[in-house]
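In the two complexes below, chain A is the common chain; its partner is chain B in one and chain C in the other.
== the complex of A and B ==
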């Protein structure tokens, strides 16, 4: 399969501020997650692919064409920006219809396409309401509808899950999954690992404007898992849990905290198994279980060795 | 499956014009502009009540036309520069520029709605003011001059807003009121660059030695310069 996107030593600066630096990357197809903390360069890369920015150096092509100068290639792109601003005076149906028309869907068919897109995003009931009264989740869905109404081959979704409540999030994830199943190539950005994991196993890690790692999320997790993985257990009897795991060879450190215990392990899978067994045996009441390593800061701390600090 | 084709420039321009119209209708700007357009009418009413109906004379006509130009110098930045500036500032250009459209057609679409709207507003205002001041409608030539002025000032506003989207409205007002209009009272060679001066000449109310044709050519030239600035600039604006 020929590459949808080819970036060749592509750099972008905003004055003296770096957007992305010397990125060489190819995107084949399917869903790919762009993962990186705020300011890493995800939105810059997406905007370059959407034809909104010109590379300061190097080149970036989409379907073999320059998306900034080649109007025709933009017909194949659907883009949902990260910001919420839109033409708020319009109803959702008017907005999506106009966007479909501007993307080349003719006359009455644009309205039908807009209705179908809003339906696909679960916005059919709100289609005649003005966007200015929408919640964050509704705005995200409307944005996604504007991106898909003209049936593009390539979707660029910049932080589509930000600020959305968990129920809406699960729904949007399912709808994006359905688009991928329909054969679309999709790039989704996020700064939250589990959001990306819910959408795809193929991720590209971006940090300080550079592609830091790329591949299957499990491969990247393996990289991450080479350094001690932290598991925070909030429970009523942290010492019981600590005692059950203290002798395990994979446990590197145990730290008691105010509401529980933090365990550092070199083998997260075994640790989770033993933890579950210990909880079942002892009857300890666990109120929360989390991994601080799911936070991207810990990932970059490992991958860059500097804790994600600039 | 949706049919895949690139929208024509005509279709894009009309779509943008439609959106611009919807947005104008649903905002307060239209009401504010009506208040501004009422300025000459109020002035005419006030002058007539002071002078008395028996002494309707020409000094008022010059003032009235100058106030109509002032109204246009406020409406053009308010409508056009704001419409362009806020697309860039609100980053709604990210939606527009990612579509398969020629960027200048977005500007054309906005002008297609806003210029006729300004012409309607200022013509209504001019007619009412004229009726109050002279008991009759002003000459047709003055309407043509005001329409040309609306278009030319809108193109100036387009050019300035594309150069400085954030301050487009303020800069256009400053340009028109503090550069263009004062230029009109300077010696012949300098006032040729004044849009306001050319419009006054075209109206036939302020005869000038350069003549109507020369005024029309100068007006087109000034408007063309700003159109080229806008067309070149909008191609390079990043979102």
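== the complex of A and C ==
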């Protein structure tokens, strides 16, 4: 399959501010999660792919053409920006219809396409309401509808799940999945790992404008496992739990905290098994179990702690 | 028969009804029409942005038309003589000032924030992530403003010119008044072009709607008044920099009116016309340059 996006030593500066630096990357198809903290360069890369920015150095092509100069290629791209602002005085249907018309869908067909897009995003009932009265989740759905109304082949969704409640998030994730099933290539950006995990296992991690890691999300997670994996147990008898795990060879460190104990392990799977057995045997009441490593921040912490080396 | 419900295999993606668009697409050259249409429909949404000024233009048309009608009455004509004809002829050119005021209000509520509003709201990302070129945007926005200004600046004078023809006493007067129509179109077009372009240029210069409105208002009212006064007292061309005075001067010249001349009385209409055309050309150039620059430097900004 030919690449949808090819970035070749692509860099973008805003004056002296770095957007992305020397990114070389190919996107084949399917759903790809673009991960990175705020300011990492995710939106810059998305805007370069959307044709909203021109690279300061290097090149970036979409479907083999420069999206900044080639408007025929932009017709094949659907972009949902990160920002909230739209034409709030318009109804959802009017907004999506205008967007479809801007992408070349003619007159009455644009309205039909907009209705179909809003329906696909679960917004059929609210289509004649003005956008200014919409909740965050409804705005996100409307933005997604504007991105798909002209039936693009390649979707760029910049933080589509930000500020959305869990129920709406699950629904939007399912609808993005349906778009992928319809044959779209989709890039979704987020700074929250589990949001991306719900959508895809293929990710690209951007940090300080560079591609820090890319590939299957489980491969990225292995990076975490090279370092001790932290498990925080909040319970009434932390010393009992600590005693049960202290002799295990995979346990690197045990730290007592005010409400429990923090275990650092090199083998999380075995640690969880032993932990469950210890809890059952001792009858300790566990009020919370969490892993401080199970987020993107921890991935970054480890990767950047290694000097940005993969 | 088994009643066990089917179990979805892991990883199933449900079809939620998304249907591919099957149909033709319009050529890129028609995008400006979509932008212009959106500009008009957005402006029409609220009463204060456009409808109030349009109402003012309608009232001006009725009043000026009413004055023409009353002065065409035989009793009044017999009583006032030539003065009635002069005043009736003056109704159209003098109404231009009022259409200009209505257009200025629209330029404040819409024109001076056309581009600035889009830059502020992030609408540029919506436009330029679609198959829209900077020139489509410029033509669309200016075209939209032209369509909004034309019913005020162009339709009003044209209706009055037609009314004047309709109130002619005889065929000779009708034929003698025929030139009013192209003259009304000419001054209407000039006014429409001024208010469809110059305020938009101010909105393109400053990416903040409020500041753009303030700057345009200050240029038109304060700067205009100052240069008009200087021009009047020094008897120089500098008064032509005041757009209102220049439009008035051209209207007076076109309709050959030598009474009630006001600030435009001693301004050379040729210089006034040149000033108007330079303003329009400079405004279009500024909008084009600024939009192209904003597009080239990254309309979405950094993040």
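Please note the rule applied: the second predicted complex is superposed on the first by the 299 of 310 C-alpha atoms of A that agree within 3 Å, B and C clash if a C-alpha of one lies under 4 Å from a C-alpha of the other, contacts with A are read in each partner's own complex, and residues count from 1 in each chain.
Rule of thumb we're sticking to: a residue touches a chain if its C-beta (ideal position, glycine included) is under 8 Å from a C-beta of that chain, and two chains touch if they have at least 3 such contacts.
Not measured: the values here are computed from a predicted model.
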Completion exercise
So, after the overlay on chain A, do chain B and chain C clash or fit? They clash
Practice task
Look at A:203 in the shared chain and tell me whether it touches chain B only, chain C only, both, or neither; answer first, second, both or neither.
Solution key: neither
Practice task
Figure out whether A:120 sits in contact with chain B (first) or chain C (second), or with both, or with neither.
Solution key: second
Problem - Partner chain in contact with A:151 - chain B first, chain C second, else both or neither - result: both
Handout entry: Partner chain(s) touched by A:178 [first = chain B, second = chain C, both, neither]
Key = second
Practice task
Kindly classify A:44 by the partners it touches after superposition: chain B alone (first), chain C alone (second), both, or neither?
Solution key: second
Handout entry: Contacts of A:105 with chain B and chain C, given as first, second, both or neither
Key = both
Practice task
State whether A:72 touches chain B only (first), chain C only (second), both chains, or neither.
Solution key: both
Handout entry: Partner chain(s) touched by A:17 [first = chain B, second = chain C, both, neither]
Key = second
Problem - Among 8-16, 170-178 or 188-196 on chain C, the segment whose C-alpha atoms clash with chain B after superposition - result: 188-196
Problem - Those residues of chain A which chain B touches in one complex and chain C touches in the other - result: 47, 50-54, 71-72, 74-75, 77, 79, 81, 83, 85-87, 89-90, 94, 98-99, 101-106, 109, 113, 146, 149-151
Exercise for the section: Within their complex, state which residues of chain B touch chain A. Expected result: 1-7, 11-12, 15-16, 18-19, 22-23, 26-27, 90-102, 238-239
Completion exercise
chain C residues touching chain A in their complex are 13-21, 23-28, 31, 34-35, 37-38, 41-42, 45-46, 121-123, 125-133, 296, 298-303
Handout entry: Parts of chain A lying in touch with chain C, wherever the complex brings them together
Key = 12, 14, 17, 19, 38-39, 42-44, 47, 50-54, 71-72, 74-75, 77, 79, 81-83, 85-87, 89-90, 94, 98-99, 101-106, 109, 113, 116, 119-120, 146, 148-151, 174-175, 177-182
Fill in the blank from the handout: In their shared complex, chain B is touched by residues of chain A numbered 47, 50-54, 71-77, 79, 81, 83, 85-87, 89-90, 94, 98-106, 109, 113, 130, 146, 149-151
